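In the two assemblies presented below, subunit A is common to both, partnered first by subunit B and then by subunit C.
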Partner chain A sequence: MNNLEESKTFVASLESLEPMRDFVSQTGSNAGLNKKQIYGLCIAVDEIATNIILYGYQNSGIDNGLINIHTIFEKENFTVILEDSSTPFNPLETKIPDENELGLPLEERKIGGLGILMAKESVDEFRYEYKDGKNFNIFSVRPNDD
Partner chain B sequence: MSFTVESKINENIARLTLTGALDSSTAPILQEEVMKIIPQNPLELVMYVEHLDFMASAGLRIIIFAKQKLGTQAKLILVKPQDQLIETLKMTGLIFSVVIVDQYPE
Partner chain C sequence: MEVTLKLEANLVIITIEGSIDGNTSGELQMQIMGKISESDNVILDLSKVDFISSAGLRVLLMVYRQIKVKNGKVVLVGISEEIKDVMSMTGFINYFQITDSIEDAQNIFKS
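Up next is the complex of A and B:
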């Protein structure tokens, strides 16, 4: 199959989360991803976009922010890139709950870090880059995997 | 796909039926129902989730919050979660704190 690239721009608001997931589901399905991979990408996109909307743009004082989503299918990889112009923020540097904390009874659990943990665990690769004043959160899955 | 929640409580059992997608935009709807339930101190919180197609961490936080408010003696029961939701419960450790059943009452 030839390389396949698609992009779509969304207003950075919580109402955009569902259309974002729909866009990723559609392009992922066209690339032959299985249900679990599509769901995993939706989780990653949803969690990171939620952070960008609720914290990134809010902290930058920008109230008409945008999030661009690019999907790229080439060779063995399906990649989703979230691009935004809010405050630089690398989610991979956030402290996420470790195994001990995840094993605690809910009564003793701290509520936090779960979203980024889920984003990381739901895709094969999660990378972050900051360049030209923009955050790039990059998720990849391999369509031929089970 | 939207999100709906139906709520019933009687005889110490609170039942919530969730459908659609639970993300940060729809979580306040569930949060509101949970806030109504908590003061009634149910012994069991049963969530019917067969038709819940998506759940982000915003949904998990409400489950954790509910369990923290209801205390250790309260049981949290999920009826028929989809495979992807079970995956999420496993990766976040919540699987140890909920009871998963195929139907309720059994």
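Up next is the complex of A and C:
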């Protein structure tokens, strides 16, 4: 199978969320991912990009922020990388709701950490790296899994 | 995202079309919360919703809380398998009644 790499740059604004999901859906679909895997990647990209836009860039007062999305299809893995130059932030170190909290009545639920939990649960692998002043959020799924 | 609201006897039927994400959830909230305060029960038709992020779940949580204090019910109609998965992993699925059609949802309030 041929290796396949695509990249696209988006303005870090909430209006870019849908075009970002469209880009990932399109490249994922070309790589033969199933509907569930594509949806899972869209969740991960959407949730983490939302955090980057609102907290990484806007809260830090950085205008004109960008998010680069790279998709790489090689061997058994389809990988999506979100690259941004905002405040260093490792979402995997955020406290996410545990099973006890998820079982609480909805009226008592706290809402924090939900997006990161959804991102983690929706892909096969979620890694984070910080290098050369950039955040890299890396999501992978295995196309041949069902 | 498109939102249609219909007020029936003590029941508001809300039909949403498109994606509920961080970009659209604020507008959705603004369009529906007023009508929800006028009613005890809510049917949310999500059969034409293709994507819900945690921002969308936050709106569902707000609807649920408003209706719950009035001892009413929130019924979700036509949610996709993928949205069902997300609602399961977050524990949200347990708090809503889910039906395949608006008619089934309306019958819950008739019985």
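Going forward, the second predicted complex is superposed on the first by the 145 of 146 C-alpha atoms of A that agree within 3 Å, B and C clash if a C-alpha of one lies under 4 Å from a C-alpha of the other, contacts with A are read in each partner's own complex, and residues count from 1 in each chain.
Quick note on the criterion: a contact is a pair of C-beta atoms (placed from the backbone, for glycine too) under 8 Å apart; a residue touches a chain by one contact, two chains touch by 3 or more.
This one's a predicted model, so the numbers in the text were calculated from it and none came from an experiment.
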Practice problem: Judging by the criteria at the top, classify the pair subunit B and subunit C on subunit A as clash or fit. | Solution: clash
Quiz item: For subunit A, which residues belong to both interfaces, subunit B and subunit C?
Solution: 14-15, 17-18, 21, 35-36, 39, 42-43, 46-47, 50, 53-54, 97, 102-107, 109, 111, 114-115, 117-118, 121-122
Self-check item: Residues of subunit B that touch subunit A when the two form their complex
Solution: 1, 21, 23-25, 54, 56-58, 60-61, 63-65, 67-68, 71-72, 76, 83-84, 87-88, 91-94, 96-97
Exercise. Show which residues of subunit A lie in contact with subunit B when the two form their complex.
Key: 14-15, 17-18, 21, 35-36, 39, 42-43, 46-47, 50, 53-54, 97, 101-107, 109, 111, 114-115, 117-118, 121-122
Quiz item: For the complex, which residues does subunit C have touching subunit A?
Solution: 19, 21-23, 51, 53-55, 57-58, 61, 64-65, 68, 81-82, 85-86, 89-92, 95
Self-check item: subunit A residues touching subunit C - in the complex, by the definition given at the top
Solution: 14-15, 17-18, 21, 35-36, 39, 42-43, 46-47, 50, 53-54, 97, 102-107, 109, 111, 114-115, 117-118, 121-122
